[in-house]
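What follows is subunit A paired twice: with subunit B in the first complex and subunit C in the second.
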Partner chain A sequence: MLNYLFRRLNLLLITALILSIIAFIISLWSDNALPDQDINLFMLYMDYMTNILQGQWGISLINQKSHMLNGLIAFSSTLELCLVALLTSMIIGIPLGIFAGIYRNGILDYTIMSIALIGLALPAFWLAIMLIMLPITFDLGLPIDGNISPIYDIPLITGFQLIDSLLASDLYNLAAFVDRLAHLILPSVVLSFFLTSEIIRLTRHSISLVMKSNYIKAANTKGLTVIQIVFRHVLKNALPPIIPQLRLQLNTIISIAMTVEIVFSAQGSGVWLLTSIKGGDYLALSAAVIIISGFILLSSIVIDILQIVISPTARKMLYADK
Partner chain B sequence: MLINNEFNEQKIQSPWQYIWSIFLQNNFAVFAMWVGIALILISLFADILVLYSPFSQDPQRLLSPPYWMAGGTTDHLFGTDDLGRDTLARLIKGFQFTFGGALLISFAITFIGAVIGSTAALTRGVKASVLHHLLDALLTIPTLLIALILIVLFGPSYQNSLIAVSLSLLPQFIRGIYNTIGSQLNKQYVIALRLDGATNIRLLRSGIYPNILEPIVTLVNRIFTMAILEIATLGFLGFGTQSPDIELGKLIADSIDLSSLSPWLVILPGLVIFIIIMVVNIFTEGLRHAIIQGED
Partner chain C sequence: MRFMLIFTTALILSGCYQSESSLKDSLIYCPESNAHSYNPQISHDISSLDATTHQLYNRLVKRDPTTYNYIPDLATRWVLSEDKLSYTFFLRKNVNFHQTDYFTPTRYFNADDVIFSLKRMLDQDHPFHAVNSGMNYYFFNHPFTHLITDILKIDDYTIKFILKKPDITLLDSLAAHYSVILSKEYSELLMASGTPEKIDFYPIGTGPYKFKRSNDAGITHYLNHAKFWGDKVSVNNLIFDVTKNNTKRYAKLLTGECDIIANPAPSQLKQMSKKSNILLSSEPTANILLWAFNSNKMPFNDKKIRHAFSKAVDQKNLLEAVFYQSASATNSLLNHQSWAYNRRSTDIQYEPLEALRTLQEIGYDFNSTITILTPVKNSLFNHSFHKIAELIQANLLKIGVKSDILFLTQTELEKRLISGDYDTYLTAVNGKINDPDSIFRPLLSCDSTVLEGNSSQWCSKEVQSLLNLALSESNFTTRIKNYYKLQKIIQEERVYFPIAHVLRMDAFNTNISGFLVDPFTGINFQHVKKTEAR
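Right, the complex of A and B next:
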């Protein structure tokens, strides 16, 4: 276990080094003055890293705030969208995936997999435009742009506007929270299409692998019903392997979330990067590399460790390695 | 008709023929295969196929709807855009860029990824760990960010968007190949081959690759699907193809302001993307079933 933790830490450090070098190259480039021959690149990099570690990421040309603050606020909005979409698509996707996996190659399976395929085949940005164009959007009165109506001035506490608006309930009596939720509906529906099909696919694959194994046959011969088998044996073994698979998709998910935010002009990291680059403020890009990639890196390592803690099969693999 | 009852030789099909014969029984997949071949031909000969140049403007007919709608003409089957350019021609031209780019990327990634992935899986020590860490770093940067970085460094262009998409998909493919080969390495047949003194190349060619066909088909399918989606997304955001070149995502972006006047200009390119992905996925699904059945 300690050995494993050490190896993960090693991985974290090396990957962080590569990422910081990428961020450094962008910041060098954005200065437009490539260093003269007598300036030591290594020393420049050390300077850059000291600045980053001290939290001095430069000032934005657009709103004269720190890049770190801008980036963190924008990214927390993206993250909020991702989490809401992940929650909804897990609620929809996991049961469907379980059904498809249990009744493999049946009509139910084909129907569910067709739905998943359609969800994958619809490009997210196009789906977003379609949802905006649909008359039902007008009928329901769902807001189609921005994070929250500008009449609500929510104090910045955590950066997650859902939580912030709840905390500010003494100002607006939950109206701000409801408004934020309404603004989240359409973007998260779009993102859920991709995520749900992904979760259905992974769950089905995992479940059907487990259903082939001998202990399920043994349980069948014992005369257990399908429901008993699923709840006693299948879920415990099939669900944990989905997590690392989903982890590999993190960058795709965030990329799609950023695109969706741009279409809905929500103030997330997509819009932040777009406006910064159009305004010639390239330091924002290196800040984005540090924040977004840093988040993905940290979360994947946390997920790896959690995986070891939660699932006995993953632990067994660990001991078998030795 | 010659009936040969006498020398009824029992032909033993090669595994490929067997898989192919199973595949041919699946009507959906065969249909998807023919459509896919048609799509490839269209993308190869797009310039010959179009009736109008995608850039020639027809000032008589601005924003005309498709021919099945009221006010549409059969001169322009899918209507025209705000400058009177033929939508069908623009769709085919845009399709050529998106589909062709995705095909190119998938071939390149499959080749490079298979080489790097097998090397990483079969070697231990420094080489494998360097590969791994570099890839892990790439895996943490979202596609959009890679594209933005390339644009800031080299300027927006179709080529850069293709490079950005490949850079984000290559690590996923290598990861997949690495894991599948790794799962085969402990099996008995690999050990038997190794005891025979097989070199790594022979081990891969005659041992491992025939056994991991199904995961590879799934991976390539996934890479292709994501490539289509991501090329279109980058084009839509204006980071890919630059005017006057067109691409399906860029077509949508160009006509998004007209979406209330002529929604077809936005709907059709999305439908084309949808059809491409559906066709490819149905084809590979059939292939996968055939391979799984053939292996049993």
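Right, the complex of A and C next:
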């Protein structure tokens, strides 16, 4: 176990090193002052890294705040969107995937999979633009712009506005929270279109694998109903393997979320990067590399480790691997 | 699983969402672009005026929105001297400046503030003259600059304007957006702290709303100015939420994320007018879309050619195709609401055959190609220069005249205009104050350069003397007569082909009432009311 942890952390360090070098190159290039011959690039890199570790990531040209603060606030908003979309699509996707998996190659399966395929094929930004038209075509009163209505003045505490608006409930009761939630609906619908399709496919695959196994056949012969089989035996065995596969989708989800945010002008990392680039503030790029890829790295490792801790099969694989 | 349940509940809870417009004490206005600064003395574009003039500041006098008479604002009354060379203004007492996080006034408004504010524009030695003035004051308010010898303080609540010569446009200038009154005390504080540039970005005025903050996402918050001298406003929070995309602006109006939106796209107007919960307001502006002929260059130095080209363009079709109902066709450079507008101006008829005949008679070279210059960037009022230019091109081709359209960026355009190497120029100009001189002088005066507006390179002694005469004339009837004569001349000479006056459009939900739009000084939220029902 310790050995495994060590190997994983080693991998993390190497990737982090490569990422930090990329961020360093971007920051060098954006400074427009490519060093002369006599300046030691290694020393510059060391300086850069000390600054990063001390939290001095430079000041934004656009709003005179620290890049780290801007980036973290923006990214937490993106993360919030991703999480809401993930949960929504899990609520929709997992049951659909289970149905498709149980009735594999039936009409229900084909219907669900066709819809899932459409969801996978639709470009997210296009779907977002279409959803913006909704209030014009139908009288749908969902907000389409921004994170939260400018009426609400939410103090910045955690950066996650859902939480912040709950904390500010003494000011606006639940109105601000509901408003933030309403602002999340349309962007997360777009995002969960893609995600739901992915979850349906994964669940279906995993369920149909389990359904073929002998213990399910045994349960069948025991005379259990389908519902009993699914809840007692199938779910427990089929769902855990989905989680690591979902992890692989993490970076896709975040990058799709960033385009969707731009369409809905939600103040997340997409809009932050776009305005920074438009404003010639390229240091934000290197901050974004550190924050976003750092998050993906860390979270994938945490998921890995958690899985080893939780799932016996994964642990077995680990030792067999050795 | 339990967490999922909570999450689902939260999602269902958001069904209780009520659109923002249900909050009565907050009003959201969605303009098209950001204010450049919060001081109309240095920023003259419509967005800046909307965000400042009526909301944050007061002027000495203002115009009644219906009768267009001058009515008191910070001055309670004024007297013109017998020799017509000086005006005395009596100021309002007990007027409070805004109290904000960054400034707390210790005294009421007085004559020092007036002199400080106006001299900032006029006096080059003024400590704030050079502050933030990337722009040249002269360019925008030269009628005012030429007008005044001095402004004297008689006592704390009386000031006297000394004029260079009798000139009746002083009141117009004082009612213009650039004559807003700033706080002298605040300026001294800023100067002492070494940050004078803040005066235009953290504004302090006497208007009905005070500035709270703005962010880089284009949202500006204003608060009700509790100690405002006039009628209290009924809206506590005024929010400007800049939304550049016009489809989105319209959608936000429908979802209630905006209460009022500026400049709906012309193509949306038809659909909007069908919706029962949306109202449209349209105001004529002094903005004019025109096609200038370079009178310095062959072949447009010939009056007949200019007339022939005007006849070849189908003005009515052009308006329908580009503006729908958001502009009115015109035959004059002046807004039809202007007191100087000559109602006997004849319309320009679309007669392509007649135009062709004239061109053939004169011996116009049909093998030559004329140039149509037009800016790449559309101005706030004119959504599509390129569409208009293409329609003109198609019209010209019908009578066999070949033309090239050149879309140029601002710097390229300026270079080209100064060089004089162009045949025609499609542009729009905007009157700054409600005086015909502010339209005519830039377009027609010999002293006006091509960048100031004289894109026809026009200079004639007759027109120049009429312009000068009209300005010094204090007899109103004679002044009108002069302008009528001037309009007749330019119509005969066909220096410009005036195409349309673009309307200023705003769309709003039916629960909003009482906002006013002044075509010269911007939108006014002082009397706006919001009711709950939609």
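Assume the second predicted complex is superposed on the first by the 318 of 322 C-alpha atoms of A that agree within 3 Å, B and C clash if a C-alpha of one lies under 4 Å from a C-alpha of the other, contacts with A are read in each partner's own complex, and residues count from 1 in each chain.
Keep in mind that, in the parts below, contacts are C-beta pairs under 8 Å (C-beta built on N, C-alpha and C of every residue); 3 or more make two chains touch, one makes a residue touch a chain.
Quick caveat: nothing in here was measured; it's all calculated off a predicted structure.
Superposition note: with subunit A as the common reference, subunit B and subunit C can be accommodated side by side. The superposition of the two structures on chain A yields an angle of 90 degrees at the Cα centre of subunit A, opening toward subunit B and subunit C, reported in steps of 10.
In the superposition on chain A, contact of A:Leu166 is made with neither subunit B nor subunit C. Judged by the touch definition given at the top, the superposed model places A:Phe125 against subunit B, while subunit C stays out of reach. Contact with neither subunit B nor subunit C is seen for A:Ile115 once the two complexes are overlaid on the shared chain.
One of subunit B and subunit C touches more residues of subunit A, and that partner is B. With both structures placed on the common chain, the touch criterion links A:Ser255 to subunit B but leaves subunit C unconnected. Of the two partner chains, neither subunit B nor subunit C is touched by A:Leu246. Of the two partner chains placed by superposition, only subunit B is touched by A:Thr15; subunit C is not.
By the document's definition of touching, of the two partners only subunit C reaches A:Asp139; subunit B does not. When the two complexes are overlaid on their common chain A, residue A:Leu72 makes contact with neither subunit B nor subunit C.
In the superposition on chain A, A:Leu181 makes contact with subunit C only, while subunit B stays out of contact range.
Put simply, the nearest alpha carbons of subunit B and subunit C end up 5 Å apart when the two models share chain A.
In the superposition on chain A, subunit A positions 133 are in contact with subunit B in one complex as well as with subunit C in the other. By the touch criterion stated above, subunit A contacts subunit B in their complex at residues 11, 14-15, 18-19, 22, 26, 29-30, 117-118, 120-127, 129-130, 133, 248, 251-252, 254-256, 258-259, 262, 270, 273-274, 277, 282, 285, 288-289, 292-294, 296-297, 300. Interface of subunit A with subunit C (complex): residues 62-63, 87-88, 90-91, 132-136, 139-146, 149-151, 153, 174-175, 178-179, 181-182, 185, 265, 267, 271, 275. Those residues of subunit B whose C-beta lies close enough to touch subunit A in the complex are 133-134, 136-137, 139-145, 148-149, 151-153, 168, 172, 175, 225-226, 229-230, 232-233, 236-237, 249, 252, 256, 259-260, 263, 266-267, 269-270, 273-274, 277-278, 281-282. Of all residues in subunit C, only 4, 7-8, 10-11, 13-14, 16-20, 23, 26, 28, 215-217, 219, 221, 237, 239, 241, 243, 247-248, 250-252, 254-257, 271 touch subunit A in the complex they form.
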